[in-house]
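Shared chain: subunit A. Partners: subunit B in the first complex, subunit C in the second.
Then we have the complex of A and B:
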């Protein structure tokens, strides 16, 4: 699958991408994405290129500078059993070419290290530290070599992603303490919050260094919820993989399972039926709606604006009840599987979704008017938690957070898949980068989602919702991508000869967006932290995996 | 507008029937149950269950451990004779044993065995003192966040847990009840123990969701435990993946009124 031509410079990479685009241009289609979009549920999409490890730093910087690529995902896999080393994968998004560039290099087993690029490309920071924790590969020259995923009581030299790790053992605890960054000076004090918080939210530790009310520095310490999902996927059947993907992050149930299923479908080269594509889009947008509405309500709660919170909760409950009516699960669980949907839905149910759109549009309009007509709301939302475009770009921020800071990125448009390849979207952006921009953007996106649902159901035809034979397989790997409510989700899957998952790597949007939170908070006051955090709407479960 | 009477505002004796009255046709606590057809004993459901919640006992009984069921429908899809359907599921129980149900494979009955109802249920003193007021602190020990969203939803205007005297508080020091979710990850174990120690007695511990009840899908790995009761005592198990807000409320009200 990988391009065999020898890659020496950025020009070779551009040529490889253009060659692949040329292959697809032969097939019918008006836009670059469309030809393959119809065939495989993806755009030009993943372009896999093998490179030499020594060329990586130069190429990565050139991709960012010359092709305006953004780093999305770095992961590594233990391939010592059949490849005499570890494979290191860098995935860059290049929106101008509708392409996810997948650079693969090999780290020899006897020299388990790779050049760190976190200083030049800050977006790589957490990705490289995660690889160091999980596989014991050292990012040489990393500015912050502390542990990230595994806390200090995890013994040295035990790496869960290595093949020789015994997944049945109980790993002993050792003594160790995490060193927080210290901010010193007259009047600087620390506020420690978490991991158990005051609200009904997930666990994580926040260490504020502040002077009076002003936040000078915020350090995040997460990964309390680390469940070892990526290791857990090994050896699972394809259906079990979908069930695990559904349970990675509660309000990204559909997004994660679709990303996983698309990766499997791309390995087996299966094109799912149009009805399944349309219904997947409907489920994805319903999920985006309830996730955004929870977020809008949460922001209202955090400024003690009860009426807005109550109205948002009511509207969200309507969406959840609709999901329950559609699938029997309020989170739309048990619907998505490789090859399409696990079961069809009745035409009567489709009719009820369509008739819901009109009601929801009225409710959204009323909710927005209620929220933004109050001076108390505007006072708290405006100019709070500003994330500058520059920081957002450097940190590889995705999803609504990036779009509210003026960056036009949207997986549905940049790398169209499934129904979105037939139905081009406008990317909604706002430019202030503050809480108000993020909340307003979410209102716009809820309305956009209703439009997509209407379009997807408008021309839906009856037919099969599942296809493909996934029983016979040979070793293969592919990437799946989806615009989740929080931004781009990437799922890379490798399967073995028996159609079981050999390796799976997952990156939810929260993993890219968490490191940007402290930058948005710099100079804000401590009481605004919950509000800014809510407006980012980050998942801990999806981040910690 | 009509005058709202005190009775409508203050309803100290709201019962499970009131919650039942709100139930729509889809109760959302769907779990696999036999539908009365003949089971061929092929064990397809046993083999496919990702959490090992279904076992075949002595070749004669199909045993469902609902504390581990994640309602994924894999067994229903795999059942060739169609003897399994998604039923209304079951509410919480005070022990994991009470969430295990055995069905004879010769005659799969759709009815879950019901506990005989007594008029004067004996409510343990520990539960009785919380009969009208419960202050709750939630501790997430590695759930996927779906359980948190459903727990948060019980306070929304639709379910409105405050009318039952169920109030979410910010600190374990203020709490009577701990809601615990997740299989308890290695990195949350200490926080859970500390939160438990910080909660004054008498207290109730409620395990919410399949992960918290039994480890669920993610339990028993090097980085996760096998549910909350591996670490601290549990008074109420509420199964489901996730249990709906209605199921959570029903189970808690049932515990308070001594019907489970």
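Then we have the complex of A and C:
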């Protein structure tokens, strides 16, 4: 699948992308976005290009500057057994070309290091550190080479993603301390919060340096939930992989399993039936709705606006009950499989979903009126936790957080897949970048989701919901992408000769968005942190596989 | 002799009444808030169950805690309890009124607050200190309002004694410009002093937003029971002052049993209605941003000052 032409400069990359676009346009004779909906889940989609490692810094900077690409994902794979090195993958999103540019380079086994670009492209910061932790590849020139995913009690020189690591072994714990960044000066004090919190919250440590109530600096210390999921995926069957992906993070069940399944479908070049495409979109949007409604209610809870919180909880409960009625699971588990759906749903159920849309539209309108008719609420939301467009761009922020800061990115429109390739959407953006913008945006997106569900069910025809014979196989790899409630989810899968998962890498939107949170807090006061954090709605489990 | 026995009975009755009715009013507020959220909410006796449960539990005390931490619950509880006993609830003239006047009540509450704040600092947790600093900011603003308000009432009654103040209200009626200005000021103070929305949120689990709860975060078991109970007493006390100064109807003016019975019923109903009103208002609005709180209390101060000017210049 990789382009064989020799890549020397950004011009060669542009040519490679245009060539592929031409191929697709030639096939379907329509705009690329529509062509792929018919072909294989995604506009131009992934363009895989092999490059020399030494060219990487120049090319990456040119992609960002000239093609306005944003770094989405960096991962690496141990290929020493058959390739004499590690493969390093950089995924850039290039919305103007509807293309996810996948640069693959090889790191020789005897020199396990790669040039770091985190100084020039801050979005790479966490990705490069994760690779350093998991595979022992050193990002040379990284400004902050501390551990990220594996904490200090993990021994040096043990790398869980290397092939020679025995995942069944019990790794001894060692002593070590994490060096927090220190802010010094008169009246500066530190507030340490977590990792154990009051209430039902996932673990995360927040270290505030503040003067009085004003936040000077916030350092995040996450990754207390590492379960080794990506390693656990190795050797699983294709269906097992979908089940594992579903369980990465509760409220991203559908998004993660669809991203995974689309990667498999792209490896095997399988187009799933239209009914399955439509129902997948319905499930994705139901998930987005209950996620956004939980956020809206959470924001109200955090400012002690109990009526708003109660109304949002009621509406969310209606959506989740509907999910349970549809699938038997409040989180829509057990529905998605490579090749379509694991099972069909009755027309009666489809009718029930359709009739829910009207009720929900009414409820959403009322909830929005309740929330934004109170001056006390508006006062708490406006100008709180402003994330500037510049910071959001530099940090590669995705999803509603990016859209509320004026960046028009939406995987469903930029890299259309499944039903979204047949049903173009408008990207909803807001420009203030504050809590109010994020909450309002979520209201708009809930309405948009209802519209999508209506459209997807409007012309649904009966028929098969699953296809594909995945048994015959050779090695292959591909990327799957989905707009999860929090933003773009990317899943890269490599298949071995026996149609088992050889490697899997999953990046949920939270991994890109967490580092932006401290920037939204500059100049805010400590008691506003929970509200800002809630409006970002970041996942701990999805962030730390 | 018989008169003395009656006096003692009324005194003890007053003490027991405030002590035992306080958890009822906090439970009532929770019930009303639950109603606004379409929930059933806990029963009206939940406040008692909670205190009983906590009293039976062992207290976990940080090894870094000094005597301050261990003494504070008792100081807070007794100071608040004594203050609550001084304020006339069902009868104007109480035998317990001899303990002190309105200014003593303010300073007993101040003592309780002082100990809560230093206990918050004592264990050295980051939340305790944060809560103490916020509480001190709020109370340093709220205290002048309370004092100014009390001066207005005292000037009108010619006495700083609560009995005198309430008698004055009974005689003149409350529809006077100074009283009309004081009522909202006292309501704001009651909300601020008891850590309720929009100043503080007693129901939150978010440590970083807490004021009062942050200071007492380290308390457990019987210590927590005493502090929670003291909190309920403080709320009841402040609402009782508001109820009896601004709506003195029904309060027993003699020590005759029928009058006392009417008085008990009246004060329960009045404080209950005020509690329902505050809970309803709490449900309707969001908590203020911390640095907006001075604006709210500043508003109360302006009202109290206006009342004072009106009172002393003799306009009202």
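Please note the rule applied: the second predicted complex is superposed on the first by the 544 of 545 C-alpha atoms of A that agree within 3 Å, B and C clash if a C-alpha of one lies under 4 Å from a C-alpha of the other, contacts with A are read in each partner's own complex, and residues count from 1 in each chain.
Operating definition for what follows: a residue touches a chain if its C-beta (ideal position, glycine included) is under 8 Å from a C-beta of that chain, and two chains touch if they have at least 3 such contacts.
Owing to the predicted nature of the structure, the values given are computational and were not obtained by experimental measurement.
*Asks:* Just subunit B (first), just subunit C (second), both, or neither: which does A:314 touch?
*Replies:* After superposing on A, A:314 lies in contact with both subunit B and subunit C.
*Asks:* Figure out whether A:302 sits in contact with subunit B (first) or subunit C (second), or with both, or with neither.
*Replies:* Touch partner of A:302: subunit C, not subunit B.
*Asks:* In the superposed arrangement, does A:251 touch subunit B (first), subunit C (second), both or neither?
*Replies:* After superposing on A, A:251 lies in contact with subunit B but is clear of subunit C.
*Asks:* Per the overlay, which chain contacts more subunit A residues, subunit B or subunit C?
*Replies:* B
*Asks:* Just subunit B (first), just subunit C (second), both, or neither: which does A:324 touch?
*Replies:* A:324 contacts subunit B only, not subunit C.
*Asks:* Of the two partner chains, subunit B (first) and subunit C (second), which one does A:155 touch, if any: first, second, both, or neither?
*Replies:* Once the two structures are laid over each other on A, A:155 reaches no partner at all.
*Asks:* Once chain A of both complexes is superposed, is A:176 in touch with subunit B (first), subunit C (second), both, or neither?
*Replies:* neither
*Asks:* Kindly classify A:192 by the partners it touches after superposition: subunit B alone (first), subunit C alone (second), both, or neither?
*Replies:* second
*Asks:* So which bits of subunit A does subunit B touch that subunit C touches too?
*Replies:* The overlap between the subunit B and subunit C interfaces on subunit A comprises residues 198-199, 310, 314.
*Asks:* In the complex of these two chains, what residues of subunit C are touching subunit A?
*Replies:* Result: residues 33, 36-39, 126-127, 130, 134, 197-198, 201, 203-209, 282-292 of subunit C touch subunit A.
*Asks:* Can you list the residues on subunit B that touch subunit A in the complex?
*Replies:* Spelled out, the residues of subunit B in touch with subunit A are 24, 26, 28, 30, 48, 50, 70-74, 77, 86, 138-153, 156-158, 168, 170-172, 182-183, 185-188, 191, 195, 217-218, 221-224, 241-242, 244.
*Asks:* Where on subunit A does subunit C make contact in their complex?
*Replies:* It comes out as residues 190-193, 197-199, 213, 300, 302-310, 314, 374, 376-377, 379-380, 384, 525-530.
*Asks:* Could you please specify the touching residues of subunit A with respect to subunit B in the complex?
*Replies:* 151, 160, 167-171, 195-196, 198-203, 223-229, 231-232, 239-240, 243-244, 247-251, 253, 294, 310, 313-314, 316-317, 320-321, 324-325, 328-331, 333-334, 342-343, 539-542
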